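Chains here go by letter, A, B, C and D, matching the order in which they are written, and residues are numbered from 1 within each.
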Amino acid sequence: MFQKVLIANRGEIAVRVIRTCREMGIRTVAVYSDVDRTAMHVRLADEAFLIGTAPPGDSYLRIERIVATAKRTGCDAIHPGYGFLSENADFAQAVADAGIVFVGPPARVQRSLGSKTEARRIAASVGVPIAQGTMDPVTDVAEARGACERVGYPVLLKPAGGGGGKGMRIVRRAEELADAWRGATGEAQTAFGAPALLIERYIEHGRHVEMQILADQAGGVRWLGERDCSVQRRHQKLIEETPGPSVDEGLRARLAEAALRIASAAGYVNAGTCEFLVAPDGAFVFLEVNTRLQVEHPVTELVTGLDLVALQLRVAAGERIPFAQDELVRRGAAIECRVTAENARAGFLPAGGRIDLLRFPSGPGIRVDSALEPGTHVPDEYDPLVAKLVAHGRDRAEALARMRRALRETIVGGPPTTLPFHALVFDEPDFVAGRYDTGYVAEHWPLPEPELGEAQATAAAIAAVLAARAAAPRSAADPARSLWASAARAEAVE
Amino acid sequence: MFQKVLIANRGEIAVRVIRTCREMGIRTVAVYSDVDRTAMHVRLADEAFLIGTAPPGDSYLRIERIVATAKRTGCDAIHPGYGFLSENADFAQAVADAGIVFVGPPARVQRSLGSKTEARRIAASVGVPIAQGTMDPVTDVAEARGACERVGYPVLLKPAGGGGGKGMRIVRRAEELADAWRGATGEAQTAFGAPALLIERYIEHGRHVEMQILADQAGGVRWLGERDCSVQRRHQKLIEETPGPSVDEGLRARLAEAALRIASAAGYVNAGTCEFLVAPDGAFVFLEVNTRLQVEHPVTELVTGLDLVALQLRVAAGERIPFAQDELVRRGAAIECRVTAENARAGFLPAGGRIDLLRFPSGPGIRVDSALEPGTHVPDEYDPLVAKLVAHGRDRAEALARMRRALRETIVGGPPTTLPFHALVFDEPDFVAGRYDTGYVAEHWPLPEPELGEAQATAAAIAAVLAARAAAPRSAADPARSLWASAARAEAVE
Amino acid sequence: MRYAVRVGGRTVRLETSPEGRMLVEGRVVAHDVREIVPRRLWSVVVAGGSREVALLGGDPPRMQVDGVEVAVAVADERALAARRDRAAAAGGRHEVRAPMPGLLKAVHVSEGDVVERDAALATLEAMKMENELRAPARGTVQRVAARAGTKVESGALIAVLVDDAS
Amino acid sequence: MRYAVRVGGRTVRLETSPEGRMLVEGRVVAHDVREIVPRRLWSVVVAGGSREVALLGGDPPRMQVDGVEVAVAVADERALAARRDRAAAAGGRHEVRAPMPGLLKAVHVSEGDVVERDAALATLEAMKMENELRAPARGTVQRVAARAGTKVESGALIAVLVDDAS
């Protein structure tokens, strides 16, 4: 096993990887940008090195500097986490060229599966259905218009060069194409450095279901179960769960078989995820492979009892997968809420700021993955993830009940968050019944502003008056001061 | 199922019960003494009522007042937690007489098993081995001397009227009897209101292994697995784990059978624990039945996937146990550290105080049950439990590794705690190998004061100097001030 | 002093007497309030009902009551009248401001445009994503205060809308 | 200013220069210290090595360095000499005090008794348990300052021991 691993990431995923490394007796090296000097991942690692300034391009995306730091500190492996350089074939190659093990699929696999067109070709070649659409990237809006006509509306525009939901647009009518094209190609350029888009037939009421796979260097491949990640806004996930509420044994087996075929055809190694879109009738098409650990991997860990980061390190070090497919036992159900610093009531607008009040839930069945503490700033430059709240239960009902209870205990003061969304969703009948698809958020949100009972309103009012009175002579930064300021607006709209 | 449950307890166990009630949609009523007004259990409950002043006899032990509160607020059940009134037959009777369900064994069972002599008789009557010793309580030291001679030294003196390790003394030689008798009988009087003691043959190098059982009102009984709780000081548990490292399938089956026999003979209902002492050769004797939820129940929950509080409520409401014995699947290993505000380096002397710095661990495989937050006082009047840290892994090695990692992340500033003990134990070879018995703490503790590496000492020294310089002009309450004060003593003893 | 507190869809009228008693809707209410975190988190017990109230911050400020997040506003009686006057004068004017620092990628409206509620007024790139700044109400664009392609600070004025109704 | 810090079985000699540089054992050390919680928790990076240092409190004070708890004491150079003098004068005298409030159940020694290190001097009942107060060193009981059966406050003097060696 490795002696020392550099973690080329920040935030909760860097902390997550450090935790498993510490449990395995592996020393860790953190890298950080200047705004992250006091971050949790810096403090929990054995060593920490500044690699640049806040913009990712000046720090967490600096391949040469990261590889040089790993060499200088004697690391024998680099774990990329998710995001940043985790799906960058050049990085995987540079790491390998430096004689260091990259904890993830090799550059060769990243290159073929990182190209969505190539990934689609691989899937099609082994008989896995793919969505109708363009096989080659499109860079010209006129060409796009023709492709859309051939594929038929509604279509989905998606960046050819990257994943994670950034830059995606649904186009339902020809006259929406121009605007959507401009937005999508611009975001694709910003996020992935390439403006090219793919055009796919959009499946209405589809569910985003993905299959976790794991492959070792000796050709062993396993599937670890699906996750339904359909609850999304801007094509980015808000809630993920396993088992998928609409996935029966038959569909699970078909998704697993499709994922294993793609993995074998691509010569896959390490952990990865095959994403599928499942239509209401159970038919599915392959979307893409995420060649890295997913944000939502904890739900799979809770249900399987596995440590995916430990398994990533083991197969990267050349070990075989230590269990057979039929030894895998999935217990119960698990669900994750991604709590982010976004204003759920204002279109999920990202909002950085200082977390000045924080209480996380704990107790039976609850896991919290976070790198935040009271006083931490959520930097503007990075994903505004506050915490992943994960609940595990004997069945979906118990997992949901535990999450509902955990959300009641959670307090995040400072920037607005997605917590009001999460709190309401867990009491929304369609979600509770498992009846949801990728249109869920658009159809159900905003849910009505909750009404308080009389007793709750009285208690809140008493506290608000005490806070406002106490705040009057104090500093302008006191959040209680705004209780007064807002009254004028409240009266104005009454 | 119940509509509203009163929790006749405080601290982490009251919070634990409230959590499950909330998950089950049951409303909760908290009771509190004046020093607990701002405690977590008061804040998380739906209703909360003051029942007296800090001394337990003036609040948490006031049967009449607690029952009256439950009646007045329309509760249909009372959960007693552990400690306080949880094993008090009069309380169970008073609750039943008020037409309210007691979540635990009925008064009849509490009475028979609450008496250690009667419990021993029941065990003996169904062929479960018991330690040689007195069958009736002894109140006279001369009588005790005779009994000790008959039983043979070493003997164990234990209060006839209560459990939890309070008032127990090991006597190895006749000349130690007088002192030990005086101490034990005094503590028995203080803790249980009765000076009578039992005398038992003490088993050297015995392991304290207990079996969790669950019984419903229809006569269904299940065993849920054992816990090894041998790591104790003053006969009180510091670490508990399941599976017991010395328990093989054969011993587990024999312990389970013995526990089920005792449960059947006693007409047991609800959750309970049969405690055994296991000799190095695998022979065991029955000690007692704890007729309540145990502090260490989370390790069983993690390994079985069950919610023991939910099951207590279900069987109390008349439901049958919802699984057959052979459906029970135990996954992996779990271990718990009881972190208490005791000075581990000064003989585990209890030490209350304000928790002014607090960080709990989280992430994969870690559960924290606690009612404390930064700023909470650990009151002098109650058990000084700070938190139960629980780790779950695929096997004992992974559970230990996760606990070691979690202990590294845990910070409790303010009163001294048992954390230095826990941190060292998880690197102590005998413990890591699972070679320990009830003599473990006495034989291994104090472990040597840890030595810091040069780099660690330098970092600590830099921080200490900065803290001491900053503290100089500040308030006397600043903990950094004592950095200076202590230097005089440090020099004096150099 | 009398107060009107707007919270969670209700308006609660409170009165504090000089002796420190608190009247709710004119009645004396037995309440026991403890500050858990100074000016941020309270435990409020009213007639046995236990509530946890957190002031989360934000503008307008948000509170969390037993896990339920709602907007809150406090007005005292003297301020009420004065503010009502000012509010009426300013009524119908909406300032759209940048909620966070970023690059203003595009401005989609010009002065004089009539826009629907929720119409996209401008696109702000921040935190690696494009965010649409939307109209808070149907109205006429009175002023466009920022140019596409420029970096804007948090709180920078982007546009001013006037309600059609006013 | 020069300091001697006793921590984790080591004595570290530090010197702060007027320009704010820090010398460890006479050498300039590149260190980057950040206060995470004021005067309680620091992140210290020295030559790439990342340490978390928490001041837990207590008397003598305890620190936690990357999860390892150790005692710590700081002395500056002027104090060192003066204290050494005082310490020598007081040397060999040990005051045994109640570590917490409670009921003194029993006193097991009388003035003039010679006791071994760790011998039980008195029994204090607190937090529902009996706690033995033990001799910090072998020595002679010079004074018994509290009576069995009385309530004692935290810090109350119970007995004074004098080292046999002194």
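Definition applied: a residue touches a chain if its C-beta (ideal position, glycine included) is under 8 Å from a C-beta of that chain, and two chains touch if they have at least 3 such contacts.
Keep in mind that this is a model prediction, so the values were computed, not measured.
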Path length in steps (a step moves to a chain that is touched) from chain B to chain D: 1
Chain whose mean Cα position lies farthest from chain C: D
Pair exhibiting more inter-chain C-beta contacts, A-C or B-C: A-C
Distance between chain centroids, defined by C-alpha means - chain A, chain B (Å): 40
Centre-to-centre distance between chain C and chain A (centres being mean Cα positions), rounded to whole Å: 30
Chain C-chain D separation of Cα centroids, rounded to whole Å: 53
Rounded Å distance between chain B and chain C, as computed from the means of their C-alpha atoms: 49
For chain A, residues contacting two or more additional chains: 44, 373, 408-409
Touching two or more other chains - residue numbers and ranges from chain C: 37, 49
Full enumeration of touching chain pairs: A-B, A-C, A-D, B-C, B-D
Chain B-facing residues of chain C, complex: 32, 34, 36-37, 43, 45, 48-50, 52
Chain A-facing residues of chain B, complex: 15-16, 19-20, 22-25, 44, 298, 301, 305-307, 329, 331-332, 359-360, 362-370, 373, 394, 398, 401-402, 404-405, 408-409
Contact footprint of chain C on chain A as seen in their complex: 166, 183, 186-187, 190-191, 234, 343, 346-347, 349-352, 356-357, 380-384, 407-416, 419-420, 423, 449-452, 454-468, 470-471, 478-480, 482-492, 494
Chain B-touching residues of chain D, taken from the complex the two chains share: 3, 5-10, 12, 14, 16, 22, 24, 29, 31, 33, 35, 37, 39-42, 44, 46-47, 49, 51, 53-75, 79-80, 83-84, 86-88, 90-91, 99-101, 105, 123, 125-132, 134
Residues of chain B touching chain C in the complex: 30, 37-38, 42-49, 73, 373, 375
